[in-house]
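Two complexes are shown next, each including subunit A; its partner changes from subunit B in the first to subunit C in the second.
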Partner chain A sequence: MNLVILWTDALLFALMLCLASLVWASYRLEHLRRPWRRVIRSRPAMVAAVILLAFSATGLVDSIHFRQGNNGEVSSLLDRWLTPFRTRVEKTYSAPLATHLYSRQFLQLPDGRTVWTRPRLKFAGAHLDDPQDKWSDIARIALTGAGKGLAVWLGLFVFVAMARKGRPPETLPWITVALTAAVLITGTCALYALNLEYHVFGTDKVGEDVLYQSIKSIRTGLVLGTLTTLVMLPFAIGLGVLAGYFRGWVDDLIQYLYTTLNSIPGVLLIAAAILMIQVYMATHADRFTSLAVRADLRLFFLCLILGITSWTGLCRLLRAETLKLREMEYVQAARALGVGHFRILLRHIVPNLFHIVLISVVLDFSGLVLAEAVLSYVNIGVDPTTYSWGNMINSARLELARDPIVWWTLAAAFLFMFTFVLAANLFSDAVRDAFDPRRVED
Partner chain B sequence: MSTPLLQIRNLAIQFQQAGTATTVVDGVDLAIERGETFALVGESGSGKSVTALAAMRLLPGTARIVSGQVRLRDEDLLRQPEWKMNEVRGRRIAMIFQDPQTSLNPVQTIGRQIQEVLGRHLGLRGRQARGRCLELLKQVDIPEAERRIDQYPHQLSGGQRQRVMIAIALAGEPELLIADEPTTALDVTIQAQIMALLKDLQRRHHMTLWLISHDLGLVADIADKAAVMRKGKIVETFDGADGPLFANPRHPYTLELLAALPRLEHCVGKKAEPAPPLLEVRDLKVWYPIRKGVLKRVKGHVKAVDGASFTLETGRTLALVGESGCGKTTLGKAILRLIPATSGKVLWRGRDIDTLSLKTRCRAMQIVFQDPFSAMNPRMLVGDILAEGLVSLYPAIPAGERRQRVERLLEEVGLPPSSRLRYPHEFSGGQRQRLCIARALAVEPRLIVCDEPTSALDVSVQKQIIELLQRLQRQKHISYLFITHDLAVVAEIADQVAVMHQGKILELGETRQVLHTPRHPYTQKLLSALPGKALESSLTLLRNKSLNSSGDNAGAHKYP
Partner chain C sequence: MTAYLIRRILNAFPILIGVNLITFALFFMVNPPDDMARMQLGQKYVTEEAIDKWKQQHGYDKPLFYNGGKSGTAKLTETIFFQKSVRLFLFRFGRSDSGRDIGADIRERMWPSLAIALPTLLLGLAVNTSFALLLVFFRRTYLEFGGVTGCVVLMSISALFYIIAGQFVFGKVMKLVPISGYDSGPAAIKFVILPVVVGIVAGIGSGTRWYRTLFLEEVEKDYVRTARAKGLSETEVLFRHVLPNALIPILTGVVAILPLLFMGSLLTESFFSIPGLGSYTIDAISRQDFAIVRAMVFLGSVLYIVGLVLTDISYTLVDPRVRLQ
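Presenting the complex of A and B:
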C-alpha cells in the first residue's frame, strides 16, 4: 500500500495550510480579529461553520489516496472506511430503503417456473426473513445508530467541557455549536448504521449506493470551490491592484485583457480546454495509467480554466477600489515619506482590499459548486468516472425520463448540494456583514 | 408670557449599540419663542443635532427616547402617530441640513423637488405650483429663477444648492425652521450671504429660527438667544435681552470655548525678524488639460495654480489662505511633488528641487493632511505608521533605536509611548492629528506643509493643535506652509500670509499688514465676511474682566 499524492490533493492540502496560517495571522492582528469575533458571535454563522467543517473534513479524508499493490487502483482513506457501502453493489435501480429491486424481472423459481416479479436485493435487507418487518427493523437500527452517535457526542462534549474548564468564557455561542454537532453526529451515525443494512438513498443504474456517491461528491465540490479561488486570486488581486494603482498604459492593458476575456463565453473556453486535455491524455496514454489519475487531472484542469475565466469580476472590483484608495491621504503621506510603490501596494493598498477579497471569495465558493453541476450537465465538467453532484444530476436527466421515474439520485444530489451551498452562503453572509466597512463598528 | 412655540422638557435620548446604551442627550430643557432666533451651540458629539432630530422625530433606528416631551404649541410631538407627524414635518417644522450636496436628489430637477413639498402640504399643482416655486426661488435670491427651476442639483454651486434647500424648507410655510449647521460646508463669503438671507427671510415672514452650530462667532452675530450644550446637557443659556450674547459667561466650559476661539487681533504682537530663505517658489503653474473630441485633443486648461511665487523663510510660517477650489492644496502638493507641476521652479535653499534626490527631498519636506481619519492606514499599528518614514528614508537605523525614536516622537506630541501598539481608530480626531504631526516629524523635516490641519476639529482641539505646532516650531525651528481657509487661524499662527484666488496669489505680506490693512479688494471681502463681529465686543469685555480679577485664568476651572 503506497501513498499517492494527486495534483488536487497536494493543492487542497496546501490551501488548507494557507488557511490555517491565515487564521493564525489574523488572530494576532487586532483589526482582523475584531470582525472575526463578530462572525463568531453570530449563531447562524456558527451553525453553518460546523456544517462546513464536517463537509471539509469529509473532503480532506477523501483526499488521502493510496494505491493497492504496485499497479492496483487508487483509492482514498474514505473509500477504505466506507468499503461496505462501496462493495455492496446491487444489480440495478432500487428505491431508498427498499428490499426489492425497483423494476420487475423474469425470475427462475427453484421449481423451474419463471415469474415476472421484483426480486429481493442481494444486500439490502438481506438479513430479514420477512420483508414485511422492514420498518420496525429500520427504526431499531436507526435508533441504535443514533444512540451510539449520542454517546460519541456526549464523550466529546465532556472532553471539551473539561478542557475549557477554568478558562474565561468566550464569545462563541457554545450551546448552538454543541447542538449542531449533536444533530450532525447522531444523524451521521444513524445513517451509517442504516446504510450498512439498507441503501438509504437507494441505488443507481448499475446498483451502486447513492449515498456513497453523494459523500464522494463532497470532495469534488470542495476542490472546485477552493482551488478555483486559489487560481483566480493572484490574477484578480495582482492585475486589479496594478491597474488601479499605476493607471496609464498598465491600466489600459489590463482592462483590455479582461474585457476581451469577459466577452468570450466562459462555457466555450471551458469546453475547449477540456477537449484539449482529453486529447493530451489520449496521446500520452502511458503517463496516465490509472483511472483516478486521469480523472484527477481533468478535475485539476477544470479548476484551472474556471479560475482563469472567473477572475475578471473581482479584478474589476479591486481596480475600482484601488483607484479610490490611491487617492487616500495615507497613501499620499507614504509617497511623501519616500515609500516605494511596491511597499505602498503591499502595506497600504492590499490590506485595505482584504475585506473585498474575502467577501467575494466566500460568495463565489457556492457559485462554483453550482457551476460544476451545470458544466457536468453539458458534459464539459469533471470526468464521467468522478463522483460529483453534477454527474449525478446529469444521470438523473435520463432517469427522470423513464417510467416509473427514478427520483432519488437527483434528490440525494440536491440535498447534499443544498446543505453545502446553504451553509457556505450563510457563513459568507455573516463574513460580509462583519467585514463591510460601511457597517457601524460596535 | 404666552406659551413658547416649541418647548422641550427633560429630553433624554440613548443610542443602543452592541447591547450597551449610551446617553447622547441627557435631560435637555429649552423653549423657543415665536419669531426669535434660538441657537444651540456645542462641539461635535454634544448632542445638538440629535436634539433637533428628536423634535422632528427623525432619529435613526438605534436611538431611543428615554424620557421627555417635545411640545409644538400644545401638542406633544413625541406622542403623535406617524401619519400625523408627516403633517408636521415640512409644514410646521422644516429643516435645513448641513451638506447641500447630499440633501438634494441628484436625478430630479430642483423645481420638482420644491413642488413636491408644495403638492404635499399646500395642495398646489401644475401652473400654480410652478408659479409659487419661482416665487420661492426669487425669495432665496437665486438669479435667473426661470432657467434654474428646470436644472439639476449638479448644475448649481454649493451656495445655490443651500439656497434651494432653504426654498424647499420655506415651501411649506413652516412656523419653525431648524437649520442644522447650514453653512459649515460652505465658504466664508457664501456663509455670510446665506446667514444674511436667513435673517432677512425670518424678518419678512416672522418665522422662528432654530440654529444649530458649533461656531460661537456666527451665533453671536445672528441669534437672539443661545444655549451651550456639552455632553448631552445644556450648561448655560444666554438671552440677547440681557446685552450681547456670551458677554457674561459663567460656566467654565463656555469660558473655555470663548478662550479657544482664534482671533484676528492675536497677530498684532508678532514681530518680523528677517531669516534666510528656505523655500522659494517661482511662477509655479499646475494646469490640467481639458480634452475634447474623438482625438482627445487639448482644448484648454483648468488652471488650478496659475503662476504662484513666494518665499518662505527658515523657522517661519507662511499661510496660504483662500476659499475652496482656489488651488491652495494643489499648490502645497505640487511643492512636495505629489502632483506634477506644469511649469515654474521650486528652490530649496537656492537649489532646484528637481535636482535633489528623492530621499533628500522627502527628508526636507513633509505634509500633514486635513482629515486625520483618512490620513492613517486603519490596518497598521501606530508604531508602524510613525516608523514608516524612518524605514524608507533612514534604513540604516536599527530596529531598536527606531522604536525609541517612535516613543520619543509620541511623547513630543503629547501622547503616551504605549500608543505605539494601538490602532488609529482608538484615538480621537485631535489625537490622530497629533499622530499625523508625529509621523511628519519622524524624518526630521525642515518644512512641514500643513493642509488645513485643524478644519476638521472642534475649536478647543484646534487651539491645542495650533499650540503644539507653535511649540514644535520654537523647539525645532521648523518652517510651516500653513494652508487654511480660516483667517482667524492665520492670525494665530502665521508670520506671513498669501491670499489665493483662482490659482493666483492676490496679496502677500506680513500677517498683521494683510489682516488689518488689506490692500486687495478680495482680501477685504474675505475679512468682512468673517463671522463673530458681535463677539468681539463681548470678548473685549471678558478680557478686561479677567484682567481685573487678578489673573484668575478662566480656562483653568474644572467643570462640575
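Presenting the complex of A and C:
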C-alpha cells in the first residue's frame, strides 16, 4: 500500500491550499471583507456553497491515490470507502432498485428445464426471500439510513452550536445552512445504506453501479473546472498587466498574441492538441506504465490546453483595467516617489485587480464543467477510461434507442451534473453581485 | 473607410501567419510525419516501406522548411510548410488524407450548416430579446424573479441534454419529425425544424440573461428618465427608447459571429447527422484526418477576422458617433 501522487492530485491540493489562503487573506482586509459579507448574507449562495463544499470534499477524497502492492492498480481513498459499490458488479443492465436483470435470458432451473426469464440479480436484493416485498424492505433501509444521517447531523449541529456559544451573532444565515446540511447528510446516508443492498441508479451495460460512476465523475469535473483556472491565471494576469502597464510594443505584441489565439476556433485547437497527445502517447507507450497514469496525464493535458485557449478573455479585461489604474493618482504618486515598476505592479496594480480575477474565475467554473461533457462526446475530452459525466452521457446516448429504453445512466449523469453546475452558477452570481463595483449600489 | 478596410486586411495577415505557424507547429513539429503515418496505418507491424509509401502518397515526404536538394525557389516551395500551410492563404486546401478534394467538400457542406445555424441565430435572437424585454417590463416583481431563476436553471443544463431530450420527445415518442438526417431542397425543412428548436431552447437561459443586463443598463440612463418625465407610458419608453439603443450592442455582437455560422455547430450537426461543416470536422477529428482539421482551423480564423472587421463597420452604421480612421 503505497501513496501515489498523480499530477492532477498534486496540483488540485496545491490549488485548494492557494484558494484557502487567498480567501483567508482577503477576509483580513476590510475592503474585501465587506463583499464577502454580502456573499455570506445571501441565502441561495450559502445553500450553493454547502453543496459545492460537499462535492469538493468528495473530489478531494477521490484525489488521494494508493497503489495496491508493488505493481497493482491505483485506487483512491474514495474507492476504498466505496468498495462494496465497486465490486458488486452484475451481469448487465438492471433498472434502479430492481431485483431482476433488465433483459430476459435462458435460465437453467434446478430440475433441468430451461426457461426464458429475467434472472435474479447477483447482489441487489439478494437478501430477500421473496422479491415481492422489496418496497417495504427499501423503505426500511432508507429510513434507518436517514435516521443515522440525522443523528450525525444532530451531533454536528450541537457541536457547532456549543463552539459558537457566547460569540457575537454572525451574518451567516445559520438556519438555511443547517437545513441544507441536514438534507445533504441524511440524503447521502440513506443513499449509501440503500446502495449497499440495491443499485439505486441501476447498472450499466457491463453491470457496473451507475451511482458509483456518477460519484467518481465528480473529481473529473472538479479538476477540469479548477486546474484550468490555475493554468490560465498566470498567462492572463501576467500578460494583461504587462500590456496595460507598459503599453507601446509590449502591448502590441501581447494583443497580437491573444488575437491570434482567439481567432483559432477553440474546439479545433483543443482537438488538434488532443490528437497530438494521442499520437505521442501511442508512439511512447512504454512511458505510460499504468492505465491510471495515462488517463490522468490526458486529463492534465486537457486542463493545460483549455487553460491556454481560455486566458484571452480575462487578459483583455485586465489590460483595460490596468490602463485605467496606471493613470490613477496613487500610482503616479508612487512613480514620483521613485518606486520601481516591479514594485508598483506588485503592490499597487495587481491587488486592485483581485475582484475582476475572482469574478471571472468563479463564472468560468460552471462553463468548464459543461464543456467537459461536450468535449468527451466529440472524443477529444478526457480518456474513455476516466469516469466523467461526459463519458456517461456518451455511452447512454445509444441506450435511449434501445427498446425498452435504458434511461437511468442519463438520468444519474443529469442529476449530478445539474446539481453541481446549478450550485456553481448560483454561487458565482452572488460573488459577482458582491464584488462587481458597478452592481454594489442596488 | 476604404483606407480603414485596407489597413484591417493588411493587419489580418500577421494574425493568419501566426495561426498558420501555431497549427504547423502542432501538426508537424510535435509529431513528425513518421508518427502520423504509423498512427494511420495501425500501430504495430508497420514496415518502413509502408510508411514511406504513405508519406509519398499524401505529400508528407518533403523536408519541413528547407529543401536543399532542389534549386531556385523550389528550395522553399518543395517543403511541407509551403505545400501544406502557405497554400491555405490562396484557399487551396488540397486533398484530405483519404484523397477527397477538401475545397469542394467545404463548398458543398456549408449550405446545410447555414440552413441550421442561420434560423437558429435569428429566431433565437427574436425569442431572447422578447423574453428579456418582458423581464425588464416586469422588473421588481415576482415574475422577474421567477424568470431570472428559470434562466439560471436553464443555463445549468448541458446542451447535450437538450438535444437528447428533444430527439427523444419529438422524434421518438411523439413522432412529429424525423430523429435525424437531411435532404436536399425544400424537403430539408422537416429535418431542420428540430435542430433549430433545440438550438433556440438551449440558448434561452444565457441569452435572455445577457440581454436583460443590457436592457437594465439602458433603463437606468438619463434619457429614459426624461422620456418618463415627459409622460410617456412604460411600453412606449421600452419600445421607442430603450429597445433601439440596447439593440446596438446586441446587433454588433450578432454581426461578429455571422461569418462563423458557415462553420456550423459541431454538436448539433453530429447528433442530427446533418452533412454540414460541423459534422465534417467531427468526422475528420475522429478519423484523425489532419489535412481537413488544418483547413478548418485556417477557415475558422479567416472567418473570425472577417467578423471583427464587420463588427467595426456595423458600429459606424448603427451609431453615427463612431468613426473609423
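A few points about this structure:
By our rule, the second predicted complex is superposed on the first by the 438 of 442 C-alpha atoms of A that agree within 3 Å, B and C clash if a C-alpha of one lies under 4 Å from a C-alpha of the other, contacts with A are read in each partner's own complex, and residues count from 1 in each chain.
Following the convention adopted for this analysis, a contact is a pair of C-beta atoms (placed from the backbone, for glycine too) under 8 Å apart; a residue touches a chain by one contact, two chains touch by 3 or more.
The model shown is predicted, which means the values in this text are computed figures rather than measured ones.
Once the two structures are superposed, subunit B and subunit C can be ranked by residues of subunit A touched, with C on top.
Of the two partner chains placed by the overlay, only subunit C lies in contact with A:418; subunit B stays clear of it. In the superposition on chain A, no contact is made by A:111 with either subunit B or subunit C. Shared-chain residue A:379: touches subunit C; no touch with subunit B. Once chain A of one complex is fitted onto chain A of the other, the partner contacts of A:30 are limited to subunit B, with no touch recorded for subunit C. Using the contact criterion defined above for the overlaid structures, shared-chain residue A:130 touches neither subunit B nor subunit C, since it reaches no partner. Shared-chain residue A:339: touches subunit B; no touch with subunit C. When the two complexes are overlaid on their common chain A, residue A:410 makes contact with subunit C while staying clear of subunit B. By the touch criterion stated above, A:273 is placed in contact with subunit C alone, subunit B being left untouched. Within subunit A, no residue touches subunit B in one complex and subunit C in the other.
Subunit C contributes residues 14-15, 18-19, 22-23, 26-27, 30-31, 35-36, 38-39, 43, 152-153, 155-161, 164, 167-168, 172, 260, 263, 266-267, 270, 281-282, 285-286, 288, 290, 293, 296-297, 300-301, 304-305 to its touches with subunit A in the complex. Taken in their complex, subunit A has these residues touching subunit B: 29-31, 328-330, 332-340, 343, 347-348, 351-352, 354, 440-442.
For subunit A in complex with subunit C, the residues that touch the partner chain are 256-257, 259-265, 267-269, 271-273, 275-276, 278-280, 282-283, 366, 370, 373-374, 377-380, 389-390, 393, 397, 400-401, 410, 414, 417-418, 421-422, 425-426, 429. Subunit B contributes residues 17-18, 62, 333, 336, 338, 358-359, 361-363, 365-367, 369-371, 374-380, 388-389, 392-393, 423, 425, 436, 439, 443 to its touches with subunit A in the complex.
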